[in-house]
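Which chain is which? They are A, B, C and D, in the order written, and residues in each are numbered from 1.
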Amino acid sequence: MAGNSFGQVFRLTTFGESHGEAIGVVVDGCPSGIEMSIQLIQDDLDRRRPGQSRITTQRNEADSVKVLSGLFEGKTTGAPIAAIVLNQDHRSNDYANLASVFRPSHADFTYSQKYGHRDHRGGGRSSARETAARVIAGSIAKQVLARVGVEIQAYVSQVGRIEMLDAKKWYSAGEIEKNIVRCPNQSVAKQMIELIETVKASGDTIGGVVTGIIRGCPVGLGEPVFDKLHADLGKAMLSINAVKGFEYGDGFASAQEFGSQQNDLFVETTKKRGSKTLTSTNHSGGIQGGISNGMQIEFRVAFKPVATLLKSQSTVDIKGKKAIVKPKGRHDPCVVPRAVPIVEAMAAITILDHWLRNQAVKLEK
Amino acid sequence: MAGNSFGQVFRLTTFGESHGEAIGVVVDGCPSGIEMSIQLIQDDLDRRRPGQSRITTQRNEADSVKVLSGLFEGKTTGAPIAAIVLNQDHRSNDYANLASVFRPSHADFTYSQKYGHRDHRGGGRSSARETAARVIAGSIAKQVLARVGVEIQAYVSQVGRIEMLDAKKWYSAGEIEKNIVRCPNQSVAKQMIELIETVKASGDTIGGVVTGIIRGCPVGLGEPVFDKLHADLGKAMLSINAVKGFEYGDGFASAQEFGSQQNDLFVETTKKRGSKTLTSTNHSGGIQGGISNGMQIEFRVAFKPVATLLKSQSTVDIKGKKAIVKPKGRHDPCVVPRAVPIVEAMAAITILDHWLRNQAVKLEK
Amino acid sequence: MAGNSFGQVFRLTTFGESHGEAIGVVVDGCPSGIEMSIQLIQDDLDRRRPGQSRITTQRNEADSVKVLSGLFEGKTTGAPIAAIVLNQDHRSNDYANLASVFRPSHADFTYSQKYGHRDHRGGGRSSARETAARVIAGSIAKQVLARVGVEIQAYVSQVGRIEMLDAKKWYSAGEIEKNIVRCPNQSVAKQMIELIETVKASGDTIGGVVTGIIRGCPVGLGEPVFDKLHADLGKAMLSINAVKGFEYGDGFASAQEFGSQQNDLFVETTKKRGSKTLTSTNHSGGIQGGISNGMQIEFRVAFKPVATLLKSQSTVDIKGKKAIVKPKGRHDPCVVPRAVPIVEAMAAITILDHWLRNQAVKLEK
Amino acid sequence: MAGNSFGQVFRLTTFGESHGEAIGVVVDGCPSGIEMSIQLIQDDLDRRRPGQSRITTQRNEADSVKVLSGLFEGKTTGAPIAAIVLNQDHRSNDYANLASVFRPSHADFTYSQKYGHRDHRGGGRSSARETAARVIAGSIAKQVLARVGVEIQAYVSQVGRIEMLDAKKWYSAGEIEKNIVRCPNQSVAKQMIELIETVKASGDTIGGVVTGIIRGCPVGLGEPVFDKLHADLGKAMLSINAVKGFEYGDGFASAQEFGSQQNDLFVETTKKRGSKTLTSTNHSGGIQGGISNGMQIEFRVAFKPVATLLKSQSTVDIKGKKAIVKPKGRHDPCVVPRAVPIVEAMAAITILDHWLRNQAVKLEK
């Protein structure tokens, strides 16, 4: 109800503010007996953490995960898994000058109106720092999904107006992680990095798009009519800070087309691919009628530019009077490189949740 | 869990197949004491019903709503409201030739794999006929929202490549309903209708975009961090048949822009507009940090072309062997004109649900 | 949230008032492919219906079930199953004199305060007529459970101070249904019937206890720590009209005893009984730590006497002024004979829901 | 789904094993702006903690609460409140001899069957240590409820066969806390303590009953038909370790009585008591039709004797072979004195949750 939980069977609840003691997560509903590597969780956190490269914010936090419950002798027990990351680099002073003004396009104003108070220390609960908790849960989900052959990948396919081609393909992790912007096309990545550096130098920010790919997903995930697989994936992505749009398969482009162009024809499976019936094209993006069809699932997530600029902007203060805001110190010129593991995490959580939900409708063990 | 319910406080559960006895809905959590017009519900159903104009399917159903419970002397009682629409025009014969083949880009294949059986009579539960139940619930929600000054509107802003300008504005209901495609720009509407007629004549189908606008929404709706207002709106829209994408505010376009272009600056409210602080622009689309900020909420929903073509298509049968499918009789060349009341319904349900959820976090009555 | 749904995977939502058009239920999450007999549902409804014998209310309704969705060719499809019972015998006139007074120990007062209006026609939503909807859902659940070998039984073990011995045993359906009070001990049943007839003649009512037994339940149902199997069974029973208490295993009696008396010792299973480890006694009532242990599940449900008396009682009217209330016509002297199928229904729904929930925590198919 | 959460608006999720790093809780949905005293939380924890008197287990843990999030400058912020208690006194060695046997009437067997592994260190997740997390959440709920005038109290009303009279009255906290058994009747308390000491000396255990009283509860809490206030209270209590029964108002005794004895007559409120209509008796225990009626809410909770005895007991080992189990060191001869704050906690959580749920059905702010 209060919105800090996600998922129905594999269900996470996150907590913590950007400048409090810790941020953390409780994962309920994780199957028991699964080997769980803390190192893999830490690796994903490291891909999300600030200060990881010259094109991200310089807030520098080690973001070390500590698991408090739910594991015994390296395996899940079926009990809730709680994990925390202590906050270290609280430069609350950076925010002192923001205590009485509303930052444009931030959640300052809406939070203060909804909750009747103001936590000006870096956004409090609305800070993207909360997504570290999601990355922990997502990494747990990825390790579980690996056991049933489902793999998840995300990468940056657009920064500003620089877009890569072939943005619906599966790439090797090496190609994606080879550069700091996490775009698998190395020459496009170079242009993206240059753009972000220019933007950063000017104190401005820039938006972008992250592509997500899921492969190995069995036929049958998704619960019509409201909990269609893409509807839950869409909600998962739209719940990430700064996301403004979601599409899967051909998405908005399909609105321009004819049925005779968009329909995916089923083809006889002459070659051995198990018993799967497959389609000759994948405009559907791996989902038909809200249920996975065994093809690769493909989606795109649009991120707006980060609202914090190192520039003076006109605004109002908490009394409604005109004011000028100019943040100090550090900012993140483009959020998409760090958003990659967050998109992966939310996708993994959604798919595992539906994987387990799909078990619950079966009578036979 | 099984996916046939939506909403947390104002919660609907739909039931019924396209060729069964009836389709229907139970709405739980509707506040008591609200005057409820059955005629207004019927009016919305009439905007959704097949056979309403020459550019929709010719399946002809009166779609008469019958309320079974929850109203007493014309008002809601706080008890669940159940309503049904009897199915009349079951031409199951139209589907007899489809019993053993999978129709391309339909849910035939995924449903039969997930549930282990085949209901070939027009799609069964996966048919868009289910959305009539949503329209009933949405009409109830709209009548409740009217009491607190919230208004919801949708219209067709794109068909194929024909797009209208000013597609983020509020229009009069008269302008929208003046033409059968439900586009408030009359000359663009004319082009859209011509395109749809051409497409229909060729047995093909075409996609489109519906714009949704919400005004009068108070500050404070939306529950961070997962149940952000736009995340739940997005899920609501993505759960509608044939939807492939959702964006709000500047959406995917914002991914191309700089923060200095996208930020909405707060302005002093010199004129009397209550105590609201407003912004000079509305790139945010009325939502910041997942919470409504008092500005107009704007979103766009992409619909793919309908999968049923009156053309021969290659496919496989239930044994995986190559086959040809050619539906007979009737088809819907473009779904967006009839989708308008469905988009309104899902928006109304989502907003009312969040309106009521927002009550639940307040200690003081 | 508004309280008209129960269950998480196998989830029912009931609707309808005692004097409206119909009462009904939507069951979501029923596994697909299960043969479903409408006759068995009707049989259970007949065991609950008023007017079935001389010791129940004379309100006479056929209570014919009509299924609207979710079945195809006699089997469940995985889609929601909606069913209704039309109301026939609305003698609203019987209630005309009650329009302005609050009946003692009825829900009149609390409903009118909570919902701000008064539906005096026989209790509206608070009427026990709502339980017919539960019986339909329960009968569906029983038919599903039969497929996995789980059986559920209830019987009357106490009426007033008349109690039967051996009230934790499984009896044949024949023994229970042989008499109109549904107590498997025929001589005790005779005494119970005599007591109820005496009570009826005096216009008074009498309470009683229903015992529930579940056998064939596998080890492992129940989700610690809050959704312990007995906690959900207890809630299910306490949600039935007129129920005042729930206990399982030795219940309240165990509070008087020593651990050395209450502990159930595990015994070697020398005889072939599958791989089950069993206990020599069953003080635990088949559940340990909130999880079924493979032994027979046993519980008891206390019903207070029905509040409607055919006697004058002092009360207040809707303005708070002193008044006298005297219902006319028909009343139910003792609710427990008709409560038997309701207890069975709620038990079946709870067990099937947990059976399916237990599937969802397993990774391997 | 996996059972570690409770409540719908005010919702807690607990985590942690008895011998892991920490146990803890996340509370979501707590209203913002409420002053929250950590000391009051600690006080309640101290009433639950082991080793507090000579009649409880000698496991000695300080049980110091640490709040990680959700408070700012001493007040709730509307964000989730996470709190942990580090585990200190892990004498896992005490349990080494239990690794391969199932302890009678413990959850060892059912957990190992359900989750496929064995955490023998003191019960792991099934340990009553989990209830410390509930006490934290309950103390938060009590502080919120105090703001709206609702008070909650529990006390021991029975140990073995020693029962106090007047066990439905509200007592001063001083009377209850004056003795180590938490029974407000001092002479009965003395007998209870003597009984527990005798039982302890013999290595045995004894059951008991805790009475709960809620006063100041407004009319209107409870959501018919499934989430009746007493149904949710019952589930809350039944979810506490070792609870075997729940009744409210006259409970099981009402099953023996006539309607003319049980009905609570409404009385004119000649004296000033606000606008409340009250009843002359309270057999209903403050709830009619599942909704609070403004009278005092009264209920009783039966606890079985603790299963861990310092005596040899016959059992089987994990291979199903006969074995003897004899726990070492420490045990809790009677759980009810320490259960008092747990019953209060679960009652407070349930009432606050329903208080907030009741807000959500109201249209007007």
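By definition in this document, a contact is a pair of C-beta atoms (placed from the backbone, for glycine too) under 8 Å apart; a residue touches a chain by one contact, two chains touch by 3 or more.
Remember, predicted model here, so these are calculated numbers, not experimental data.
Q: From the centre of chain D, which chain's CA centre is farthest?
A: B
Q: If you tally the C-beta contacts for A-C and for A-D, which one comes out higher?
A: A-D
Q: What whole-Å value do you get for the distance between chain A and chain D if each is reduced to the mean of its CA atoms?
A: About 39 Å separates the centre of chain A from that of chain D.
Q: Could you state the distance in Å from the CA-based centre of chain A to that of chain C?
A: Roughly 46 Å, centre to centre.
Q: Can you list the chain A residues in contact with two or more other chains?
A: Only 1-5, 8-9, 14, 29, 32-33, 78, 114, 125, 357, 360-361 qualify.
Q: Which residues of chain B touch chain A once you look at their complex with the stated criterion?
A: For this pair, the touching residues of chain B are 1-6, 8-9, 14, 102, 104-107, 109-111, 113-114, 125-126, 130, 158, 160-161, 199, 204-209, 219-220, 222-228, 230-232, 234-235, 238-239, 244-252, 254-269, 275, 277, 279, 283-285, 288-293, 302-309, 311, 313-316, 320-322, 357-358, 360-361.
Q: Using the touch rule from the top, collect the residues of chain A that touch chain C in their complex.
A: 1, 9, 29, 31-34, 78, 144, 147-148, 356-357, 359-363, 365
Q: So in the complex, which bits of chain A are touching chain D?
A: Against chain D, the touching part of chain A is residues 1-5, 8-9, 11, 13-17, 20-24, 26, 28-29, 32-33, 66-70, 72, 75, 77-82, 84, 114-117, 119, 124-125.
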